[in-house]
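There are two complexes below, and they share chain A, which is joined by chain B in the first and by chain C in the second.
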Partner chain A sequence: MTAFIGRRLVSMVFTMVLVSIVGFIIINLPPGTYLDVYRAQLMVQGTSTADQQIQALEKRYALDKPVYYQYVKWISGFVRGDFGRSFQYNREVKELVWNRMGFTVVVSIASLLFSWLIALPIGIYSATHKYSFGDNIFTFFSFIGLSVPSFLVALVLMVVSSRVFGASVGGLFSRAYQDAPWSWAKFVDFLQHLWIPVIVVGMSGTAGLVRMMRGNLLDILNMQYVQTARAKGLSENIVIYKHAVRNALHPLVMSLGMSLPGIISGSTVVSIVLSLPTTGPLYFNALRSQDMFLAGTFLVFMAVMLVVGNFLADIALAVVDPRIRYE
Partner chain B sequence: MAVEQKELAVGQELVRIEDLHTQFFTEQGIVKAVDGVTFSIEQGKTLGVVGESGCGKSITAMSIMRLLPEPRGRIVKGKITFFPPQQNNINQTSVDITALDRHSSQMRGIRGRHIAMIFQEPMTSLNPVYTVGDQIIEAIQLHQQVDRDTARARAIEVLEQVDIPDPERRISEYPHQMSGGQRQRAMIAMALSCYPSLLIADEPTTALDVTIQAKILRNMRDLQQEYGMSIMLITHDLGVIGRMADEVLVMYVGKKVEQAEVRNIFHNPLHPYTQGLMKSIPLIGLKDKKLVPITGSVPSPFNLPTGCYFAPRCPQAMDRCRREAPPETEPEPGHFVSCWLYK
Partner chain C sequence: MTDITMQIETPTETPEIPVDQERGSLTQGQLIWRRFLKNRLAVAGGIVILLFYVIMVVFPGFFGTYNYNTQREDAIYAPPQLPQWRDEEGKFHLRPFVYGLETELDFASFEWVHIVDKSKKYPVYFITRGEEYRLFGLFRTNIHLFGVEPPGTFFLFGTDDLGRDLFSRVLQGGQISLTVGLVGVILTIILGSVLGTISGYYGGVMDNIIQRIVELMMSFPDIPLWAALAAALPPEWSPAKTFFAISVILSLRNWTGLARQVRAKVLAYREEDYAVAAQAMGASDRRIILIHMLPNAASHIIVIATLSIPGMILAETSLSFLGLGIQPPIVSWGVLLQQAQQVSVVLERPWLLLPGFFVVLAVLSFNFLGDGIRDAADPYSN
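Right after this comes the complex of A and B.
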């Protein structure tokens, strides 16, 4: 097990270095840089020190040097926790990201929990009551959930929440609490806003999870050892929850690992529609305006999350399934 | 640990199956998997059930265990009565298994406790995510009020009885760390752990190689003596039947065609189907004897012939066989056959 973890850690580092190189190259691929845009802006404003400012920036980020030099400079800063500066916002990338990271994690984890808590019981019910009325109903709704785009659900829920509940729409806070310090009232207000993104983001994932759980469990229920468990005299509940469900969890644990990067980048469209102060829209804008250090930081973060997620999923799998432990 | 005193009355009925009809309701139609079968299993004896695949032998076993995929497959008619053996001089009352709810605690108390079952596929019969020991201990603690240490000691004891070397260590191994033969032994250990009165073994050695087959069968026979249990041995291998069975039941397309003591089945088979089965097994020492396969194939369950189901393949079929199904007769004591030749 220790050797397994060690091997995985080494390959993780390699993967991350590779991803950061490829990511940096891709970000630099489009013609021009943000500085060109910036220079044009300064020219229009007629700032007399434009050239000096640009040159200072060029020097600071070694933009006059070749790409590989820029990369090394940036990535060595990365290791020290200096992610560079966002041109567009004229602030440190670190500040920008941290500002939004808290809410992003809350929204993502809440919607992840929401979808798992809903999907697993439904999937188990659907599998154990295959083709029953209930199963058909759930199947119908999960296909709707899979096929309706989430931004549409977001719009519908916004209308509902404003018309029916009279709540303010969009964002995570009402205007009154936007800049207020944390208090109980602000927290309640936060929860009142949180449910829409949680449902919207969670729903598409839920439908997929239900289908996955149902399919896996149906396969497992046909296995001989499930019949063995029944032949022992175990009650149907123990047969299903202790003997079948645990074997049906593998692909779900794996998909949980894959969904970790989604915590940062996921649901960008929904976040834009709901104007959430999360990282998704920030990432989107950074890519659009060639804000290379901001975009690059996101890219590396997502790679880290993916690799770490897979690593955690592998460890979780080894806990769930002894066969993996001994390979 | 206290071994239960089970007073064995060899020859006394343990399970009686009367006119059992088990059917599957599929989209193509109804499959009469078991079609009016009657027989008994006696205490301490081994009943061999032979027949080609699809003849209903496994479904008969599943009906006794009430493990059919109800409601798709269910017992539509007939009665299965279980007579628990006398225990500590107290007569137990008989149980009508067909009348029980298959999920009821009473049925679950019979399953695994009084009637245990082992399956054909040792590679997949054990749950891969729990240790062999955990799975045996689970069965013991389910049916007996003992603490975990006692259950564990019993599990080690029973693993030793099925010839698993070093059971103290292997009890904490996972199924994938064992060979096919060892897994089947572990299954047998699990089945025996609660001292069942009847062990249903559905093709227990079919998936194993021949040398291991012989060892496991010998082990099963020894343990049968020790535990004083009955065995219902389902197989298509007549060699296994010859080695293990006291009484043999021959099934064909859901019906019982012949039943007799094992000697009579081998030396004086009456039904043309049984005769055909005998001619199709190789015997060492009989060089000139040619193997004769039974011609034709098993009829489709959706398109059964009228009259005797075996008539289309039967070398001795008469007109009457194609019109009417033969009733069961007893041409010699204890030897039952359903064939117009003996009417």
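Right after this comes the complex of A and C.
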């Protein structure tokens, strides 16, 4: 087991290095840098010291040096937790991302919990009542859930809720509490706004999970050891929950690992539509304005989370499933 | 030597076995087709897809009422006009008609308001001449499936902020949205099966390199990666170039999954007796791959391809919705939905959400179709 973890760790570090290089290349793909945009801005303002300012900035970010030098400078900071500065906001990337991380994690984890709590019972029900009326209904709705773009759900829910409740929707707070310090009333207000993003973000995940759980459980229920358990005279509940469901959960561990980057990115598209103060819209703006340190840090950070998530899932699987060989 | 090969290759005469039921004489393809037809949802999905491709990809100009880019200052945000069969006196008309639309400036809000004028009726004509468009992008023609005589207007889905007919735009947008998925899937199949086969068949260093690339591509979460690549497209590129680039970007991450699966299949087939036999008979690698392995993996590849099209359509829609995908004046469903970005706009003009309905319908149909093909192609399913 230790050797297995060690081997996986080595390959993980190797992948991370490659990921950071590729991420840096992707972010540097667009012709020109943010400085070109900035220079144009300064020109419009008619600043006479524009060239000097630009040169100073170029020097500071080593933009006058070759690309590999920039990469080494950036990645060596990355390891120390210094991600560079955002051009657009003129602030530390770390600070910007950190400010939004709290809400992002709350929304993501809430929607993750939501989708798992809903999906697992439905998946189990669907598999144990295959082709029954209820199963058909759930199957139909999970197909719909897989087919509706999440931003469309967000839009429709916002329209419906503002028609029905007449309240302003979007964001995580009402205007009155936007800048207010935390209080009980603000917390209640927060919860009132939380449900829309949680449902919207959770929904597409729920549909996929239901399909997966149903399929896995159906496969397992055909296994001989389930038949044996029934033949032994065990009650149906024990057969299903102790023997079948436990084993059907294994593939889901993998998908839990893959949802790790989603926790820090939130759902980008939905967050933009709902104007949530999460990291997704920040990343998106950074991409559009070629704010390369912000965008690059975020892209690589998410990839690293995915690699770590897969690593954790592998280990978790090896722990829960004794059939997995470490070779 | 050649004699021996000839002998082995000629099929040995099988003794006549009386076929007592039709089923025994069906080929594998016919069996798959039968199983597929039994799945009603899959068949329905297939029919919808077929209709979508004929109407939107092949003949969007003909089925649309107007040219999708014609702007009308007097019809900004006009609501949908539904065809009527019964007039206000309750009289039934065999030929449907639409009421006239009066446009006035509301001096309080300085917005155009549209009032249905029931005194004017415009009959709907079929196979009629209207605005000019290009058939297949080549021939100029002006024949539309249906339309009304000017000054009457027929906006089935209403109009957008520039007074363009939304129905015609939805059809035109479908052409792009549905093709992006198709082009992306073709690229996915080519990349995935070629690299997957090489990886599985030859193994060794090539296998190692390809698998590391696959792992690397899989290490990036999809939407952020697509967004980053799409943002890197130079804005001065022509719309056609951007369109193709978007398809490439979408398939760039998608082929990895297919490559893995094809590799696993090829690895398994390589050990099969028929592959070993072919090798022993001196068949070239190319022959073994093309004649013995790929046809075996074909059903698998087709299933994965069908199931990955909806994901691509959704991705294109999301990217274009955010302004990172297809760029106007080219329209796609995502571009059309950009108009519905603000809730306040949608509240007053709910018809702007209609393109979303088509996205859902297309994706749903592809999901049903793919599921049906998967179940039908699996010889062990009941």
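Throughout what follows, the second predicted complex is superposed on the first by the 321 of 327 C-alpha atoms of A that agree within 3 Å, B and C clash if a C-alpha of one lies under 4 Å from a C-alpha of the other, contacts with A are read in each partner's own complex, and residues count from 1 in each chain.
As a working rule, a residue touches a chain if its C-beta (ideal position, glycine included) is under 8 Å from a C-beta of that chain, and two chains touch if they have at least 3 such contacts.
Remember, it's a predicted structure, so these values are computed and weren't measured experimentally.
K.L.:
Among the partners chain B and chain C, which is in contact with a greater number of residues of chain A?
P.N.:
Looking at chain A, the partner in contact with more of its residues is C.
K.L.:
Tell me which partner A:V22 touches in the superposition: chain B (first), chain C (second), both or neither.
P.N.:
second
K.L.:
Examine A:A56 and indicate which partner it touches, taking first as chain B and second as chain C; both and neither are also allowed.
P.N.:
After superposition on chain A, A:A56 lies in contact with neither partner.
K.L.:
Touch test for A:V307: chain B only (first), chain C only (second), both, or neither?
P.N.:
Once the two structures are laid over each other on A, A:V307 reaches chain C alone.
K.L.:
Overlap of the chain B and chain C footprints on chain A, residue-wise?
P.N.:
none
K.L.:
Please give the residue numbers of chain A that touch chain B in the complex, ascending.
P.N.:
223-225, 227-236, 243, 246-247, 320-323, 326
K.L.:
State the interface residues of chain A toward chain C in the complex, per the touch definition above.
P.N.:
15, 18-19, 22-23, 26-27, 29-31, 143-144, 146-149, 151-152, 155-156, 158-159, 162-163, 169-170, 261-262, 265, 268-269, 272-273, 283-284, 287-288, 290, 295, 298-299, 302-303, 306-307
K.L.:
Using the touch rule from the top, collect the residues of chain B that touch chain A in their complex.
P.N.:
Those residues of chain B that touch chain A are 65, 67, 103, 108-113, 116-117, 119, 121, 124-129, 131, 138-139, 142-143, 174, 176-177, 187, 190.
K.L.:
Can you tell me which positions in chain C touch chain A when the two form their complex?
P.N.:
212, 215-216, 219-221, 223-225, 227-229, 231-232, 234, 310, 314, 317-318, 321-324, 337, 340-341, 343, 346-347, 350, 353, 356, 359-360, 363-364, 367-368
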